[in-house]
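Common to both upcoming complexes is subunit A, partnered first by subunit B, then by subunit C.
Presenting the complex of A and B:
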């Protein structure tokens, strides 16, 4: 795919990609305008964008910088809870809490990332497993620890009602923002630095890349967007509990989507999100056993890692190469 | 008196913690990968032990003798079929691969063996030993002794045999081993098998103390073993033994002084503190002392 794309000037390519993002965004934004009563389609597209936001945010640190986070649900849940508390207690408009939720999670990410990303070796991945679990425990026991009634432990909190169509539009906006951010990272010096770290940290350091700082930035940006996804969820579902926000299944989904879609590519996480959200949507009507999909996801992860590390994006790239080789045999081998 | 009792119970738990963490450390040392499937192996070993006990009335401590060799083979197979192929890739790849294997193990066990909570209850499970005022649970003592025997056996194997020395050499310098004529692929396979066998042994021993299902308590145990190997310094046996004890004591004190729900927060807080204050772990401190 890269060889094919390399023929076009970089700027034309970037404009094309941005156009694609806006095309998808406008199409989905128009759904409630065209048919006010398309509740099911609105729900499906909301979760599609929601998973795409999460997958793309994970990709910023996991795909670009090659630092795997197994506890990303911590940031998602933290954003959801910040919104939940500001909304129900301080009567903020939930959509206005999005930046606040993002900033809190980004700050938390810096606290987690600063000590662990500075080290070589698998320390960050190990720490994230603990971060996920510790954050969940913190919110479950929040009321006990501080002697207040805010998060209501495992029962969760019910939030005021809010117009789902407004949340729909907000989700489209966040989706556009996350895609523009991930393209900007991919295209610029920032992304170049992250890729260099991913390939060879020592070499990157020698070349003057501030490895630790770039990785912490990437993690903060990633946590920011994951948290806004949590806020959007809170505003749409009007209910929050630790199991649905901090559950290990969320952390698994966050790893799975970008890897299946294409690690470190711009569109891969979106492909992964489309696949995952459509499977999740159908799954309960086909099998009523939650373990079968989990088993399939595990197998999928192993197969992809071993045979097609670039996931669906890699397969598509192969596809175009193959199609090109088929049509123009001389052009095919490079 | 309560303090003495707390320390003794921490020491007993530490034996188990050290056994389950050492497999991770061994594999990390030799192959520089984090075996995320460790928790899955412990769980499968626990199920094997459960079925051996249910069908043949085999005591969990005895079934270690069956389970450990069995999981040595499982580990060697995982190494040959999966891990070996991604060893030269970026570390991301092996992490994701082993995470996938963990998912398959957990979901597979839930799907085919059921998600119920099981427990192995040998006759002595309720018995206690009284030393004056101090009460010690008999099963915990047995499990501790078994864990210590396994670790001593392993230490002797690693120090006294050619193969053991080859494994340690591999942990130090892979390329030099190749130059010295060590069959790196074979020794890696054996090391991975050995690490998996240790996880299997720990899983079997755990059944004598804790009830289990396909997911709990292995998630938290996984976190604990990571904390222990980071605290211990990733590759050092004495470091890991001390770290296991430190974690067990810290948990015990938290439960006694504060709230039981916070037990699992301890390992995480300890993990972060270690990463910030002494990334080399206890082993780095021990080494520094020796040089000074």
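Presenting the complex of A and C:
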């Protein structure tokens, strides 16, 4: 790696980044070990990591390459359904289906990304809304189209039981993988190319960056991890339906978390996920109004974006030089 | 300057935008190691021709060969990989990247296939050459126009082209900055890179070019040394009008 690319001029900061990921991972992994009856805490931390995985995966294409996807629930849902079908029909172990689910979604991303990522300005974002909805409708009507009984339409499918603690550990592992991947992208040649595309696609192209290929790769990597999150959900909840997996509200949540947390930063999506899942969880447990969390989150979004375009990562990074380098290593801040 | 082998050859290249023919059956032959100037009044089709040569546009008709390789119809990054790099008339730095990272994009995605420390060393070399080393940590958006123009050159040159297209790199610069740019272009040619340049600053292009091609309304109207071009009636007519020739 070139010294210029390393966004952490001091090796200590790079080690700090990786250390932070493992510290979080180990702390959460220990929860079922320390108290095996901590079901509520396990559920909360599962969803926290789950949202962090999703937000970080979205950030790879949305934050780094600047191509905003409003249809990411398509990849999430596809992963969940691939796992659901392989598990219930072919009796695969659900955790072993993760790579398969990821690959199917990545292939799908290549298929839809190759034509749509050529679009400029807001048109990719608009196209993804169409992709998201079309994918949802495809899974809702899957059985009718093929004359089979697999997805059971809007009613959804019930899955066999599975040990939630095993899923808990698997989620920690996927979280570590997604964080290491996002850091690797951020610090390397691939990420530099994506940032160049984000800032000026034509200039990047004439400087030799194969912009179409890079964007498709980024979308495929993003879809891969979003799909594994879907698989983890299937294994943990043991029930899938199109509304909760492919819902437009899920796609929106995936956009909001990285934006609030800090677009194009390594830790921003994680902060966004923490805020999002805790607002969801806290508020719903106090007031029984399904719209209140969205309202509160919306207000937070406006306030944060008004004062700090780099979101929570930007706010927290204001403190010290080290916090800044650790949380939002952007050019000009080093 | 001794004329080398033809390196970049265009044959009957035409570009239509709807009913408008921006470039009309233009032939071009650029020789190894020369500085080839391209001039013409506004709307003559110079920038469109540049975009055809750099792969930003594909020609409607015609063929463009770089050392015998057809580039027409290839995407710009593939044309860059074959050996043609371009600057942009309206400067386009990566605004939120430092100067050194702007150049690093060209180095890492260019033909040199440099990685690691070799890539860093190449960035340093480019920054020294273009006198941007003191501004290496400045963001693209904070640079002055003169430095942005030099950054355009540095980033394009960092991809290790055989042919460098310079689109009005002296335009808008004051005389001192313009003279520095002329010096820079001389140094680049001396390093063995063939240069094709569009320029409105006559002093710059007349003193630099080995040969100049003049375009008007999409067509090639003259080709020759700077001295020949300055005397050419068709050129004087295109720039100054009919009566200027008559008198």
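As a convention for this text, the second predicted complex is superposed on the first by the 296 of 334 C-alpha atoms of A that agree within 3 Å, B and C clash if a C-alpha of one lies under 4 Å from a C-alpha of the other, contacts with A are read in each partner's own complex, and residues count from 1 in each chain.
Rule of thumb we're sticking to: a contact is a pair of C-beta atoms (placed from the backbone, for glycine too) under 8 Å apart; a residue touches a chain by one contact, two chains touch by 3 or more.
Owing to the predicted nature of the structure, the values given are computational and were not obtained by experimental measurement.
> Contacts for A:210 in the overlay, against subunit B (first) and subunit C (second): which applies, first, second, both or neither?
It touches subunit C, and subunit B stays clear.
> I'd like to know which partner A:191 touches here: subunit B for first, subunit C for second, both or neither.
In the superposition, A:191 contacts neither subunit B nor subunit C.
> On the A-aligned overlay, A:309 touches which partner chain: subunit B = first, subunit C = second, or both, or neither?
first
> Have a look at where A:295 lands relative to subunit B and subunit C in the superposition and call it first, second, both or neither.
first
> Quick one: classify A:138 as touching subunit B (first), subunit C (second), both or neither.
first
> In the superposed arrangement, does A:156 touch subunit B (first), subunit C (second), both or neither?
neither
> Looking at A:123 after the superposition, I want to know if it touches subunit B, subunit C, both of them or none. Which is it: first, second, both, neither?
first
> Which of the two, subunit B or subunit C, is in touch with more residues of subunit A?
B
> Using the superposition on A, tell me which residues of subunit A are in contact with subunit B and, in the other complex, with subunit C.
Residues 199 of subunit A touch both subunit B and subunit C.
> Taking the touch rule as given, give the residues of subunit C at its contact with subunit A in the complex, in rising order.
By the definition above, subunit C touches subunit A via 54-56, 75-78, 80-81, 85-86, 88, 92-98, 100-101, 104-106, 108-111, 115-117, 119-120, 123, 137, 139-140, 155-156, 158-159.
> What residues of subunit B sit close enough to touch subunit A in their complex?
28, 33-34, 82, 85-86, 89-93, 95-97, 99-108, 110-111, 115, 219-220, 222-223, 226-227, 230, 234, 259, 261-262, 264-265, 267-269, 271-272, 275-276, 279
> So in the complex, which bits of subunit A are touching subunit B?
So the residues of subunit A in touch with subunit B come to 62, 66, 68, 70, 112, 115-116, 119, 121-123, 125-127, 129-131, 133-134, 137-138, 140-141, 144, 198-199, 248, 252, 255, 259, 263, 289, 291-292, 294-295, 297-302, 305-306, 309.
> Show which residues of subunit A lie in contact with subunit C when the two form their complex.
Its residues touching subunit C are 1-5, 189, 192-193, 195-196, 199-200, 202-212, 330-332, 334.
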